[in-house]
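Look at the two complexes coming up: subunit A is in both, with subunit B in one and subunit C in the other.
Up next is the complex of A and B:
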């Protein structure tokens, strides 16, 4: 399968997941968005050597993946982009920071190893948290939550249109590259002579499509940037979700919960 | 060049969100001033176009590798810098949410590194400057290559600064810069050539689509006093916010003078007012570094933490299995009812 079809498929899969009827999907998008942002801030706020504290933050994605009935496989697949970059930045830490910090089962861990590991754990957890949000919330609901946070209508409408038209244009780009590949067998990528006309044609078609889209939006009563989202009511259980998770996350960040549990046994 | 959440601290993310947010707010105002509602669907579809075009690989002549388009300068050359910037924000948000290409918390950094430089520096300083006396294919090629190379270099430099200030890497700053800049020079060159090819094609077929051609014939307005003061205030805020991160560890003038006079730069304070203020500060300090009483050593803290992590993980697994059991039971009973 080509890179373009892969991208279109993964977007379609996420959309399908977000439209399921599960307990997590029914939570108000604004509550999920706020909890996700809070989680990200708290997770990356740990200092590089505080590995156990960072590990404690795994509670949130771990429980919600199970409760929401989401598969870790799909989320871990997304790590293929993030992990190499994070590893590249952290891989040299063990060479620069050789101060022995801890011995576990006869293995001495240096400061550099701890910081490298914590960087990787942070990378994994933050990707899982973002995946939780988008795999349990349809794009329209994310846009609705952004509107409720007073993000300008231009940006919200544009983001929604990008999400809607990405699959259309990916499909078009896929057909164009397939047609090119059939006429240039054995060639990797597009030859330099066709760079301009290939993307240029796609650009011109996109502009024409945007014109037609504007006409159809006007026919349906579009009057400027104000998007209309039919958001569901913010219920008491949404508030409860927001308050409980915020409290748990702050608790995990402020108090050494894992250490306290560990001290009961050590 | 997309930064992941793990590579930054909340402070760096906050500063970059503020800077990118200010640029976005300014761009929204500028687009609104145009009173062109037809531009919004064009921005949406062009955002989708850039996303799709990024997926197409181009063969780099003389090498076995391929490159792809990034799109900041291309969007600005078609939509203008303000609409182009807003469109790039949408593209980066889609990449971050749907493909984990860049983090949600690092979105401010990514907008700054890729969209701001590409759209504002690339379009307003380079593209507009070269095109002010009219366009030609040679000028378009020059503007595209220069724009992409310079803005990508600026973006790569910003990535190094943001990562370094976040303190996640032990890699010396010089070595980090030495690794980042040359690779982005090559990437910028390839992107510049692709952008030039596309814009030359558009110039040949539909030149009216290109932005900023022939600006020299238009009257140049001078900055008003209010605008100048606004720019100065924004620059002061940016300098105060960003450059304070580079604050020297050496004593400042006052500390230096105190050390000369009193022999110390710290003044001893005592009294109930001081103690009350100290206790308020201790209570309200945001996100303190945790430490248990009697666990000063790093090893002690980490061992008990690891044991705690294992126990908590075990509890989580039990809870998860319970959920799994009840869900299966529920779906099983559903199937039986359906049967």
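Up next is the complex of A and C:
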């Protein structure tokens, strides 16, 4: 299977995952969206050198992976391209900030190393939290929740269409590379001479298909302004999920849990 | 109750200057017409349908649906009345599951959720794909996609049905099913197709197009039986009307094979 097919398949798998019938998937998208947004804000709000505090925030994604029945390994596999990029953020910090601030097991950590680690951890945790939302909520439901939060319709529509058109682009790219491979047996990849026309064709064909998709939406009452999503009722268990997780996250932010636990053993 | 009709006058359209796709078309369709639009490749059939629903804009002429002119500001109103099945069902379906896709139009028209559910169930039942309701769209076969795209339109309960090559990718049983769905649809329907047998089975009127003009407009019987007319415009008689009997020859019936190197 080609890399493009793999990417298209990964997207389809993620969507299937979001449509499973688990307790986490059944939680109202609005509750999950608010908790995720709160988590992102709180996780990012830690100061760069408060690594233990940030590590405490890992409780949310790891616990949710465990109790939500989602595979952590699967998440790491799907995020294998994003996570290294996230880890690159702050990689130059150790060169600029060389002031020693901490000694752990005899190893002196400089301010630069600490800020680099905290940026990495923040990045990884926020990506994992976003993944948890996407893996447990179909994209239409996320859009529906955004609409409920009164995010302007045009932005929600943009978000929805980007999600749709990414798969359109991948589909077209996959078809073109398959057609190319069938007429270029034994050749690895695409010859440089064909790159220009392939990319040009890909752009034109995906624009055509995206245009046709848009026409199809218009033919069924869509007017490009206010997307309509069917949202289920907000139940008391959804409220409970929202309240409990919000309380836990605020507590994790206010009290450096790992530090407190550590002090018990010192 | 409004009388459903489409009036088209002097309609001309070109994608590029100098290459006319439709040339001064004038035609009317009425409430119970079942019209087959036939013609060779590039005759302008799909463009004609797209102009009716406002997906393309004519350079000259007018289209009126129930006295409403097809123009930008009237499109939402017009599209509520018309169900349009695209030639390529890949582009008709855009939601993640069949059920969501079929529910898209009723929800967009702000129907209550129980009515949406009723319409979805009915549309899926009509095309016999109830078992596919929760299947992701990307996992459907070509024929299933076609049926699902027809269901997405039936859930709108349109007054006018426009179909562009509806029988493409359908197996014989589903094709037969499509014919019965089309025959049950009692309002105005326009079907653009190369499948002349489908047109024979579903339409009472045929418009033969050639190079953007109407070459013939009449009863299905008259046009589809007229071999000379069809041949002159790049078509052939429907298979069901041909008298040719295709028989499978057994080895004993076969004439002796001729040697490519015949002795002088």
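Here is the rule we use: the second predicted complex is superposed on the first by the 185 of 266 C-alpha atoms of A that agree within 3 Å, B and C clash if a C-alpha of one lies under 4 Å from a C-alpha of the other, contacts with A are read in each partner's own complex, and residues count from 1 in each chain.
Convention: a contact is a pair of C-beta atoms (placed from the backbone, for glycine too) under 8 Å apart; a residue touches a chain by one contact, two chains touch by 3 or more.
Because the structure is a prediction, the values reported are computed rather than measured.
J.: Scan A:181 for contacts with subunit B and subunit C and give back first, second, both or neither.
T.: neither
J.: Of the two partner chains, subunit B (first) and subunit C (second), which one does A:34 touch, if any: first, second, both, or neither?
T.: It touches nothing on subunit B or subunit C.
J.: Any idea whether subunit B or subunit C touches more of subunit A?
T.: Partner touching more subunit A residues in the overlay: B.
J.: Is A:148 contacted by the first partner subunit B, the second partner subunit C, both or neither?
T.: A:148: touches no partner chain.
J.: Going by the contact rule set out at the top, does A:134 touch subunit B (first), subunit C (second), both, or neither?
T.: First partner only.
J.: Could you look at A:19 and tell me whether it touches subunit B, subunit C, both or neither (first, second, both, neither)?
T.: Only subunit C is touched by A:19; subunit B is not.
J.: Quick one: is A:217 in contact with subunit B, with subunit C, with both, or with neither? Answer first, second, both or neither.
T.: A:217: touches subunit B and subunit C.
J.: Could you look at A:248 and tell me whether it touches subunit B, subunit C, both or neither (first, second, both, neither)?
T.: neither
J.: Identify the partner contact of A:76: answer first if only subunit B is touched, second if only subunit C is, both if each is, neither if none is.
T.: A:76 sits against neither subunit B nor subunit C.
J.: On subunit A, which stretch or stretches are contacted by subunit B in one complex as well as by subunit C in the other?
T.: Common to the two interfaces on subunit A: residues 164, 209, 213, 217, 222-223.
J.: How about subunit B: which of its residues touch subunit A in the complex?
T.: 2, 4-10, 13, 24-25, 28, 31-32, 37-38, 40-49, 51-53, 55-59, 61, 64, 66, 69, 78, 86-87, 89-91, 93-94, 96-101, 103-105, 163, 167-172, 193-194, 197-198, 200-202, 205-206, 209, 287-292, 295, 298-299, 301-309, 311-313, 316, 319-320, 323-324, 327
J.: Okay, in this complex, where on subunit A does subunit C touch?
T.: So the residues of subunit A in touch with subunit C come to 12, 15-16, 19, 138-140, 164, 167, 209, 212-213, 215-223, 228-230.
J.: Provide the residue numbers of subunit C that touch subunit A in the complex, in ascending order.
T.: 53, 55, 75-76, 79-80, 82-84, 86, 88, 90-97, 100, 103-105, 107-110, 113, 116, 136, 138-139, 152-153, 156
J.: Sort out for me which residues of subunit A touch subunit B in the complex.
T.: 3-4, 7, 10-11, 14, 36-37, 40-45, 47-53, 55-56, 58-59, 62-63, 66-67, 69, 78-79, 81-82, 85-86, 89-90, 92-93, 95-97, 101-104, 112, 114-115, 119-120, 122-123, 126-127, 130-131, 133-134, 142, 152, 154-155, 157-166, 168-170, 172-173, 176-177, 187-192, 195-200, 202-204, 206-207, 209-211, 213-214, 217, 222-225, 253-263, 265-266
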